[in-house]
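For reference, chains read A, B, C, D, E, F, G and H in written order, and residue numbers begin at 1 within each chain.
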Amino acid sequence: MTLKRLKETLNNFKEGEISEEEILSFLNDLPYQDLGFAKVDHHRVLRHGFPEVIFGKGKTPQQIIEIAEALAGQNPNFLITSAGSQVFDQLQSRYDTCQFHANCQAITVLREPVQEEKGKIGIFSAGTADIPVAEEALVTARFMGNQVTHCCDVGVAGIHRILDQRKVLRSCRVIIVVAGMDGALPSVVGGLVNLPIVAVPTSIGYGASFGGLAALLGMLNSCAPNVAVVNIDNGFGAGYIASMINQGKADS
Amino acid sequence: MTLKRLKETLNNFKEGEISEEEILSFLNDLPYQDLGFAKVDHHRVLRHGFPEVIFGKGKTPQQIIEIAEALAGQNPNFLITSAGSQVFDQLQSRYDTCQFHANCQAITVLREPVQEEKGKIGIFSAGTADIPVAEEALVTARFMGNQVTHCCDVGVAGIHRILDQRKVLRSCRVIIVVAGMDGALPSVVGGLVNLPIVAVPTSIGYGASFGGLAALLGMLNSCAPNVAVVNIDNGFGAGYIASMINQGKADS
Amino acid sequence: MTLKRLKETLNNFKEGEISEEEILSFLNDLPYQDLGFAKVDHHRVLRHGFPEVIFGKGKTPQQIIEIAEALAGQNPNFLITSAGSQVFDQLQSRYDTCQFHANCQAITVLREPVQEEKGKIGIFSAGTADIPVAEEALVTARFMGNQVTHCCDVGVAGIHRILDQRKVLRSCRVIIVVAGMDGALPSVVGGLVNLPIVAVPTSIGYGASFGGLAALLGMLNSCAPNVAVVNIDNGFGAGYIASMINQGKADS
Amino acid sequence: MTLKRLKETLNNFKEGEISEEEILSFLNDLPYQDLGFAKVDHHRVLRHGFPEVIFGKGKTPQQIIEIAEALAGQNPNFLITSAGSQVFDQLQSRYDTCQFHANCQAITVLREPVQEEKGKIGIFSAGTADIPVAEEALVTARFMGNQVTHCCDVGVAGIHRILDQRKVLRSCRVIIVVAGMDGALPSVVGGLVNLPIVAVPTSIGYGASFGGLAALLGMLNSCAPNVAVVNIDNGFGAGYIASMINQGKADS
Amino acid sequence: MTLKRLKETLNNFKEGEISEEEILSFLNDLPYQDLGFAKVDHHRVLRHGFPEVIFGKGKTPQQIIEIAEALAGQNPNFLITSAGSQVFDQLQSRYDTCQFHANCQAITVLREPVQEEKGKIGIFSAGTADIPVAEEALVTARFMGNQVTHCCDVGVAGIHRILDQRKVLRSCRVIIVVAGMDGALPSVVGGLVNLPIVAVPTSIGYGASFGGLAALLGMLNSCAPNVAVVNIDNGFGAGYIASMINQGKADS
Amino acid sequence: MTLKRLKETLNNFKEGEISEEEILSFLNDLPYQDLGFAKVDHHRVLRHGFPEVIFGKGKTPQQIIEIAEALAGQNPNFLITSAGSQVFDQLQSRYDTCQFHANCQAITVLREPVQEEKGKIGIFSAGTADIPVAEEALVTARFMGNQVTHCCDVGVAGIHRILDQRKVLRSCRVIIVVAGMDGALPSVVGGLVNLPIVAVPTSIGYGASFGGLAALLGMLNSCAPNVAVVNIDNGFGAGYIASMINQGKADS
Amino acid sequence: MTLKRLKETLNNFKEGEISEEEILSFLNDLPYQDLGFAKVDHHRVLRHGFPEVIFGKGKTPQQIIEIAEALAGQNPNFLITSAGSQVFDQLQSRYDTCQFHANCQAITVLREPVQEEKGKIGIFSAGTADIPVAEEALVTARFMGNQVTHCCDVGVAGIHRILDQRKVLRSCRVIIVVAGMDGALPSVVGGLVNLPIVAVPTSIGYGASFGGLAALLGMLNSCAPNVAVVNIDNGFGAGYIASMINQGKADS
Amino acid sequence: MTLKRLKETLNNFKEGEISEEEILSFLNDLPYQDLGFAKVDHHRVLRHGFPEVIFGKGKTPQQIIEIAEALAGQNPNFLITSAGSQVFDQLQSRYDTCQFHANCQAITVLREPVQEEKGKIGIFSAGTADIPVAEEALVTARFMGNQVTHCCDVGVAGIHRILDQRKVLRSCRVIIVVAGMDGALPSVVGGLVNLPIVAVPTSIGYGASFGGLAALLGMLNSCAPNVAVVNIDNGFGAGYIASMINQGKADS
């Protein structure tokens, strides 16, 4: 449920437009709505200003769709990550604005326009194969109302490519850096700008990359102190916390 | 060198108060000053608005002091982390305001007052033994001009202790969570507030904590999406990036 | 073989209803029945009060069925874990009460009603994707004659969901906590109740969860001292030991 | 604070023996007493029926003593694990009954006799070098009011030694097994008795024991299903949860 | 080539039955025969008294067959491990005595009877799922001319099963123990008999077995000193070295 | 773009054969050509004397082909590694000289003859299954204009096979050694010759080879000091750096 | 107790030289003698033909000496490994023949001459720093009555050194190979001789040797099939199992 | 022994200046000189053009000195790495030119001037704390007759520092890059120059650097293909192979 909708309902009650019974029923699901296999946390919108996001991995398509329906009952917009096309096929008939971001397997439904915040999030990814993870960050950050710019294939072995982006880098309020293999890009970017860097290691690589471990360790040991790291391939988390950092600027 | 000092010098030249020769000599060390064993990056203050911090580990006391002298020549204030008391003994005779933070082995010299920014950084540490890492974050964040509040011993096994802090948590712009052992605190805190969380795993623990690996992995796999992680025991990095997040709010 | 059946047979011999030859033949398989590829441990029922459970993984369907037949010859009820539907298809024609628990791939045959013990086992799982492991614990604990309650999707990132369950938690004699990713739930639950906690890490997660290693380490390093841990995804073991803890209460 | 003392105080208030002001002051520290560097959780005694135990590792002697004083103000008895002799030297002058268990570095203060529960906890350790960890479990379990028996040097490479103990094993309600190196003992013991086994891997070993990792993995992969595992060298945790299992039997 | 055949040929030359040219051509391939993608080491039979065994994994069926043909040109008997049924299909038409051991995917061709040595090798495997690895050891040891006995499903959680085998154990000259999961069986067997134990960890297990790592570490840390270990799932190596140990007894 | 082509174009401009506008357009893509999903680094030929190589893994066939086209616009010859046959099918219709090296999945297009350098690179691989990785090194080194010799199946367990190659070994300027399993070959080869050794661990093996980790560690710990190591299965990198070492000899 | 002594005592009883009471008292300690902190396994001499060896690591000097006294009461000879000089100082005053092997910290007491077996054990170590581990194997094997030859510094990077030893290698019945760093020596030796190889990885090395892990993995993945491995630095175990292999030859 | 000395001796014999007996005695130690605990490989100078280097770690001072004496008997110059000052104290009285390189604990004795080769080796180290490892490479490379330049503190977080060195980089024939923490520098340098890069990870760092593992993995996964890696902290190996690469240029 959006904060907006909660405020409206409270005011409707105050002004006598809905009965006590109606508002109590409305508030009943506020902490969470229990679907049996899931407790949909509608209260989150109060704590976080943002509804729960459905993480599709490990859930059956049927479970994803039921949770989506529960969210849709309380929120105009919602986001599903790591969803398959099977989920999309079922959802697009129900929601006109349903969109499938095939690269990163995310689904968005936007029944209300997203209001864009002022600050900009920059996403820089090291190699072509890192693009899907970068796109999950992109979809998430845009869904949360941020201006986002994405620049790909700027890995450190051709250092002039990232140096060329210095102007773009400095125009952002927060930077997401996505890299697999040696995970070296965040250290370089962290040294170039006076901004918080959210580093996302990817599982791209082979052999001694050990599924992204090499990139993860590289980023955790970055010699630039303005780098913090999220889980391997966690584009969603990077987009989410970058949005918080970006939007925190306005509200105080 | 501070931005302020660079601007003054450029204006002094413009207004004829110093000669071309003098300003060239001044600018000579701008990119970095070469001490032989170290290249002190005075240019950093332009890129990052903040002078290089001396990371003491692995350097000899003599090297630390020479780098400190080089920084002191260009900056009123400077910070040394992981310094020993031996370094402090030598520096305190030269700098009146030199202060040793024994818990975390950091040294600060503040010859100009630090101007305090508006937003607040909250530091929450799980156990008593995690305090030294939390204090490194505290010293760093205060040195960089942030309001900081620190609350310790609020680990999740007595959940009422962190729940009691909800009001404090919500008064901050960014939260640093410091925890060893299971590293579970950031997930709980991340769920309580709509703020970016910088999680610092510590090497506190024994056996299967494997020097902080357990806490590190726990934090990277946090089910709260607003958590990003720095290296084990890296209180300095947490304070640094939290400062960037906090202060980013004002400048756009 | 059940303890009951053994006692009956011994008494039948004592009262002359069966001959010495008959009882010797009966006792022949007592230590174990050798099927060539397996030694079915009928003696276990004497040591453990409970027949061997068939662990299906790594056995061919044919092997599973032969062991099941051997157990069925001595026990009214039996349990197979990690069995495929192929095994179920063959067993259900032979045993009326054969039931397939598809979520966790377990099969139960209950030809005698299970007598329910007094104490209650509570199972709390962190995410929707952890349900299959929780269900293996549930099926096992019910098969062994315990009252069981299961509550899912109470992960720590929405802490109010588990706090809501305090009353249920306190009504149990032993708690099973099932969680993947950061594995933080047992530490919180362990702090809330004065009960033994059996923690089950799951392989749910991605990237730095390393197949459940992160959750496993988190649980082993729990700051709550009333937490013991079983193998990753080992719902069966959790249900089994929880049953022992629960039923131990009555017999002394 | 003990439950007993809390009840007395409440009744004193009810019967007018203490004023409202007095009881409020008394209840003020109930959730926890804040020492600055630690929040002593006096509320624990209500949740867990047992005061907080002080884990000495990572705390300074001064911090340990201040926490001990805070606990001593509310509880007749308290326990400190991983304390050094330096702490003991200071405490024994203040508390007559203060006792140092040098093998495992634990300190107990028992100003009220511990009431012994009916069930028995059996501790079986594999090698002579595992004794300190076993003793930590012993001290903890005795402190919590359990009958405890300890039998050492019964590792599996001389299998007749543990087989000799079958009668003792079966006289217990819960078994703690302590083993380093291959960690094989819990699997054997788990097969011998129908009881919950709490397995404690130790860091005893060398080379490929990797600080207890080999024993830990062995125990987690035990083919006996009645085995749950605590952290490497965590004798305290084993004693604690075994006490809960043992004493749970009486109260329902 | 067999030692027998080499001796015959040398004598044939000595007695003039073959020319110098003929024997030189014969000796040409002695060190190895180069197939382009492989150097078939015919010299091995002189150094090891046994022809090279073809390890099928990672080779194409075509490569396996070409190497088999090269060996067949010099040796009456040969062995292929980790071969698929596709290789068998092609070889069985060429070699009457070709036999496929489906459990462990090994192929044997025995055109000359194997002469059985006096000592006996005992193979003891812990669980039903460990049988394929045990069978690879069995096939290898029999191929090399040893008496072999195999006893399966004698894991330590039902310790009476292995204790029942003491007589068989003592009738052997060397013991192979095959176990997955906790890998505890070799420690128990090592304590029961005064014989060298070759321990084979298997990849059987799940979760924290990490593909056999738990069993491997358990065996390397065995508290019985008469245990040496081969690679995970390496039934072939165990059979090979056990044969050397067994047959070494006769020749000195 | 080749250095040759750049020089020609610059001279054409100097001599008035192309206009300023034409040369500017030509130089526009010099640093890199932006395809949206990739920045093709044409500048590399100036820095490295060699165009970018397309690493096919993690890229879609369509992306590989577009990058190939971009390279083909500037370079007569190009190389794609880890490409599938699907990519080859599309490229061979466009480029006559397109060749698929099926063993290692590499594709070469050679529209200009490669000029062969004087020094020789020797590639020695330990087992038949290591051949694909060795061939990737071979294809790369030949593409870069080196004489290459490849000798396979010379693993250390039949030491006479590599000792036989001493003459070949000494005829080279740099040696590539490819080995899986124990990774022991580079130590032996490193001791035999006074040449730099580039060691390539492969993922060939099973069990405790852990995907090539065993071979990698073995090579990093080589007791021969003239060994440096590339990533597991990285035949391309080995061929590349060996080419640099070989060709460096001529130009100074 | 030695087998010899047991037989004598039984015959003394049979022939009336000692009473029933006397022999019962003598047999009382047969299974094991309980010292409180240790159960000395006198029965071992019957099962293994060899008394328990005292592994000194993790035991206090006092414990070692008490166990030594217990063994000395039943056996003429005994061996202590990983003992310190402090233990030696106390033992040498009591036992004339007490000898300290300082390199490997072992102590032997030989009050009866050791009878030498016919076969020979060869010990080959790779580097000078591996000698202490090799000496532990040497002391153990000699103590157990084997002829032993030791040849050191024959690592594979100077392959002619081990090739020079071929004659010695072939004169043995079993070979122990001791190596740190890359652990490559057993693969080469395994290929040279038709004998069982017991490989001992050592913790000698640095960096990516990870305390002997590299050598351990190398040996487990040896491409020679006649190699089995013991724990890192476990010279004692290698000597022990080699003795069993060597002496097994005589008794059948 | 130097090649020069061997040639002289052979010619002396040819020209009758020394007798057959004398040259045989001289040649006796050619393959290696056996010191009991070490086989000094004088033959190496023929195979490698360079005498054995003494690796001091794990050897006693006495052993180091004896090996040094043996080398000194055959070679004018020699090098000891990881030697302590205790060794130096004893050697400097015997060899005038004996020099201690305290930073990296290496000792050199140069009784003949080293002839400098034409090409230059560039050593670039990331941080001040990496200097000791870089110096081991420097000492080794100079000892072997190379021109060497060393530039320190050019880590990637201040990327302008390494970009400033492009001219120096390009003046070299081979580059050694030394870096701890994230190990990112080789990827950047590898992209800047068309030269072979020998990357040396160091153990500098803390927490998730895991003793240099992070830097090692980063370097192995470098996205620049001209990077090969040596062991953590292996400055000697880097200097050695770089020398071979550098000097290889001249001799063909």
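Note that in this section a residue touches a chain if its C-beta (ideal position, glycine included) is under 8 Å from a C-beta of that chain, and two chains touch if they have at least 3 such contacts.
Remember, it's a predicted structure, so these values are computed and weren't measured experimentally.
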Chain by chain, through touching neighbours only, how many steps does the shortest route from subunit A to subunit E take? 2
Same-site or different-site touching of subunit D by its copy subunit E, using the half cut: same
With residue numbers as the basis of comparison, which of the pairs D-E, A-F or F-H duplicates the interface of D-G in over half of its contact pairs? A-F
Can you give the rotation angle that fits subunit B onto its twin subunit F by Cα atoms, in degrees and rounded to the nearest 5? 180
Subunit A and subunit H, separation of their C-alpha mean positions in angstrom: 50
Quick one: report the Å distance separating subunit B from subunit H, using the average Cα coordinate of each chain. 39
The distance between the C-alpha centres of subunit E and subunit G, rounded to whole Å, is 28
Going by the contact rule already set, what residues in subunit A reach two or more other chains? 127, 158, 191-192, 207-209, 213, 216, 220-221, 231-232
All pairs of touching chains, each written as two labels joined by a dash: A-B, A-C, A-F, A-H, B-C, B-D, B-H, C-D, C-E, D-E, D-G, E-F, E-G, F-G, F-H, G-H
Quick one: which bits of subunit B touch subunit A in the complex? Just the residue numbers, please. 47-50, 53, 118-119, 173-174, 191-198, 216, 220-221, 225-232, 236-238, 240-241, 244-245, 248-250, 252
Taking the complex as given, what residues does subunit G use to touch subunit F? 126-127, 155-159, 163, 181-184, 187-188, 190-192, 205, 207-210, 213-215, 217-224
Interface residues, subunit D side, partner subunit B - complex: 31-32, 36-39, 41, 43-44, 57-59, 63, 67, 201, 203, 211-213, 216, 231-234
Contact set on subunit F toward subunit E in their complex: 127-129, 131, 152-154, 158, 160-161, 164, 204, 206-210
